[in-house]
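Listed next: structures, encoded as structure tokens.
Shared chain: subunit A. Partners: subunit B in the first complex, subunit C in the second.
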Partner chain A sequence: MGALTVRDTQFFRRWMAAAADVVRREAARLTELDSPIGDADHGSNLLRGFTAVESALASEPPATPGALLQLTGRTLISTVGGASGPLYGTLFRRAGKELGEAAEVSDEQLRAALQVGVDAVAQLGGAAPGDKTMLDALLPGVAALATSYRAAADAAEQGALATVPMQARKGRASYLGERSIGHQDPGATSSALLLGALADAAGEGS
Partner chain B sequence: MSTVGVVLVSHSAEVAQSVARLAQGLAGAGATARVAAAGGTAGGELGTSSELILAAAREVDQGAGVALLVDLGSAVLTVKALLEDEELPAGSRLVDAPFVEGAVAAVVTASTGADLDAVVAAAGEAYAYRKV
Partner chain C sequence: MLINSPETVVADALRGMAAAHPDLDVDVERRVVARRDARDSGRVGLVSGGGSGHEPLHAGFVGHGMLTAACPGEVFTSPVPDQMVRAAAAAHGGQGVLFVVKNYTGDVMNFEMAAELAGEDGIQVEQVLVNDDVAVTDSLYTAGRRGTGATLFVEKIAGAAAEEGRPLDQVAALARKVNECSRSFGVALSACTTPAKGSPTFELPDGELELGIGIHGEPGRERRAMMTAKEIAEVSLGPVLEELADIGPVDAPVLLLVNGMGATPLLELYGFHGEVARLLADRGVTVARALVGNYVTSLDMAGCSITLCRADEELVRLWDAPVQTAALRWGR
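So, the complex of A and B:
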């Protein structure tokens, strides 16, 4: 990552626009992944959430990266309707709080803030790596942010693929026991999409 | 007398409302605690709505605290996230208790004028009651 690059509010606006776009494109696939091991609503829930985020960012444009991420998090908590709402909401809200009121942030500040956000997600959900949850994409993804946004997106994608042979230990899928094995986790999949959107915003798209 | 309020959060509006009626019914005619149901999404589907939870908590809040009982998954996580963000009324607490039995215990105890600690403890003790 370029040490001198700074990221302004417009960068974060591009990230959320790219996130809403990819959720729109992939909503059907996310819901399909959620059918055998979940309640078949992950795609439609995230679509409702990120559509609401787009509206919120347009109607009350935040002045700073931190304010933008916090508004994103609050909106997701109030609109998603499933467990991914408070989880992603906590990720963005905590990261936004970490960025404070700075008008521009460095890549390193963003990396550190997202790490705080992911740690808060782990604490809220009580999941550990290997439990077949969004953490299995978020943790390797955020760890690879020190290299580049592209590396983070790729690591998260690999993390999502690696959930296929795992047995779920959190959430509704955990009730299925061994029958949860062989399915890719929808939350890990959407996490990889969100980090892919971040790489797009940084001009490091695949 | 201000009593502890009780909020019942379920993925289903019908479950939340029915458990509220059940708890008030079993608590008896003298049950004075305020109870509010926050079930399903704002659109009437299965799920969790932070708006409905906040509205229910404000409805039952009399300044003595609010005990929130939840079913599972997003209901648990949404209440936790709202507590962390300090959006719920002061003195709101997520109760670790079985939903139905805990609701009955919470409403009965709150109706005696007991404080929030006692209400939370009574609801949590419902876990200790073995059925076989």
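So, the complex of A and C:
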């Protein structure tokens, strides 16, 4: 990661546009993954949320990266519902707050802000690594941001795949006990998609 | 499916509710159903909400003697905090508001955020968590027990107490007591089909059933070969009675809900209820009141659940109090 690269509001706008695109493309698969161990709505819920984020960013364009992420978070909380609404909403809101009012941020500032966001997600959801949740993709993904955006996307993708043999200990899948084993977690999967979208925005797409 | 499109099912249903029940204040756009006489009523407001797909829960229970307002989310998805805050504002009669929250990760988080926001708006908010389903082990390794049939008991009894003009702390304490005295167990004969997915949420072949299911189309704890109604009554009632023994004398009176999951005909449900009633009589359990029907459903799932609530005289009296809602009405 170039130490001197700075990311402006436009970069974050590209990230959210890429996120909305990938959620649109993958909504059916996310819902399919949510079917055997959840309630078959993860894709449609995120689609509703990121579509709302697109129109919110268009109708009241934020001036700074921090404001953009906070508006994204607030919009997700107000439109997604379920557990993923508050969790993803908290991730973006807290990261946005952490960025403050700077017009441009460094890659290192962005990494540190996302780490604060992920920590807030862990606190809100009370989950730990290995519980078969979005944290299993977010934690390795954000850690790998220190290397590159591509590395972060790949680590998150690996983290999502690694949820297959896990037994769920949080959320609706936990009701299934051992029967949750053998399925990829939909939340970890969508987290990996969002970090993939970040790599796309940085021109490090796969 | 009898729908226009998966995206509009909830709004379409709310428009239908508004047309069928002009006595209710139905805000289709903001997704809040409320009594019209709540403001300045001097009564505690009772608010609940959750994903759609469990009808008549919750909106069908808005009215005299039960909920003051309800906020339906998308199908099987918790409503968002904005809706809950609007519902709290609509239900606030000057004496604060009680949130009745079914114990699901999303519902708990969204109601928690809403309680904070409503508090900032100057509305005193208490919350009661409903978690009556004995099929889920309550441990560090699960999200805790699910809220199912006992939600109806909590909403009816707390609603009656609020209607009597009792203060928020008393209404909240009663609601918690009802939850603590209630246990449920559910059985599915078929999975359900969410509008978003359009196909069954899990595969359940003919001739098999799932024991210990929830109300969101998730599979249960165990799959068995098909049984008779009598056998299903035995395997369902066992774990409920076992747990109920921990919270009071075996022969204390109970409220009984024999609940259909949505696609099981009342003919079958009453037959099943007959078996449950006989088993309870055999074990010396007095059924103070029974309710049979589709009240806490899971879309088009076939199956049933049993909820027992150990009820003292006060709870039975509040259960009998007049109620006038879309789905439950008596005594008025």
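Brief remarks on what is shown
Simple rule for what comes next: the second predicted complex is superposed on the first by the 206 of 206 C-alpha atoms of A that agree within 3 Å, B and C clash if a C-alpha of one lies under 4 Å from a C-alpha of the other, contacts with A are read in each partner's own complex, and residues count from 1 in each chain.
One rule holds in what follows: a residue touches a chain if its C-beta (ideal position, glycine included) is under 8 Å from a C-beta of that chain, and two chains touch if they have at least 3 such contacts.
Keep in mind that this is a model prediction, so the values were computed, not measured.
Annotation: superposed three-chain arrangement on subunit A; subunit B versus subunit C shows a clash. Residue contacts after overlaying the shared chain place A:R172 against subunit B and subunit C alike.
In the superposition on chain A, A:I37 makes contact with subunit C only, while subunit B stays out of contact range.
Once the two complexes are overlaid on the shared chain, A:G125 sits against subunit B and subunit C alike.
The larger set of touched subunit A residues comes from C, when the choice is between subunit B and subunit C.
When both complexes are overlaid on chain A, the residue A:L114 reaches neither subunit B nor subunit C.
Once the two complexes are overlaid on the shared chain, A:L193 sits clear of subunit B and of subunit C alike. Of the candidate stretches 134-142, 188-196 or 242-250 in subunit C, only 242-250 runs into subunit B once the two complexes are overlaid on chain A. Of the residues of subunit A, those at positions 39, 41, 45, 77-78, 81-83, 85-87, 124-125, 171-172 touch subunit B in one of the two structures and subunit C in the other.
Those residues of subunit B whose C-beta lies close enough to touch subunit A in the complex are 41, 43, 45-51, 73-74, 77-78, 80-82, 84-85. Per the touch definition, subunit A reaches subunit B in the complex via residues 39, 41, 45, 74, 77-78, 81-83, 85-87, 89-90, 93, 124-125, 171-172. Of all residues in subunit C, those touching subunit A in their complex are 6, 51, 73-82, 104-106, 109-110, 113, 135-137, 140-143, 146, 194, 196-197, 201-202, 214, 216-219, 221. Those residues of subunit A whose C-beta lies close enough to touch subunit C in the complex are 31-32, 35-41, 43-45, 48, 77-87, 124-125, 167, 169-172, 174-177, 179.
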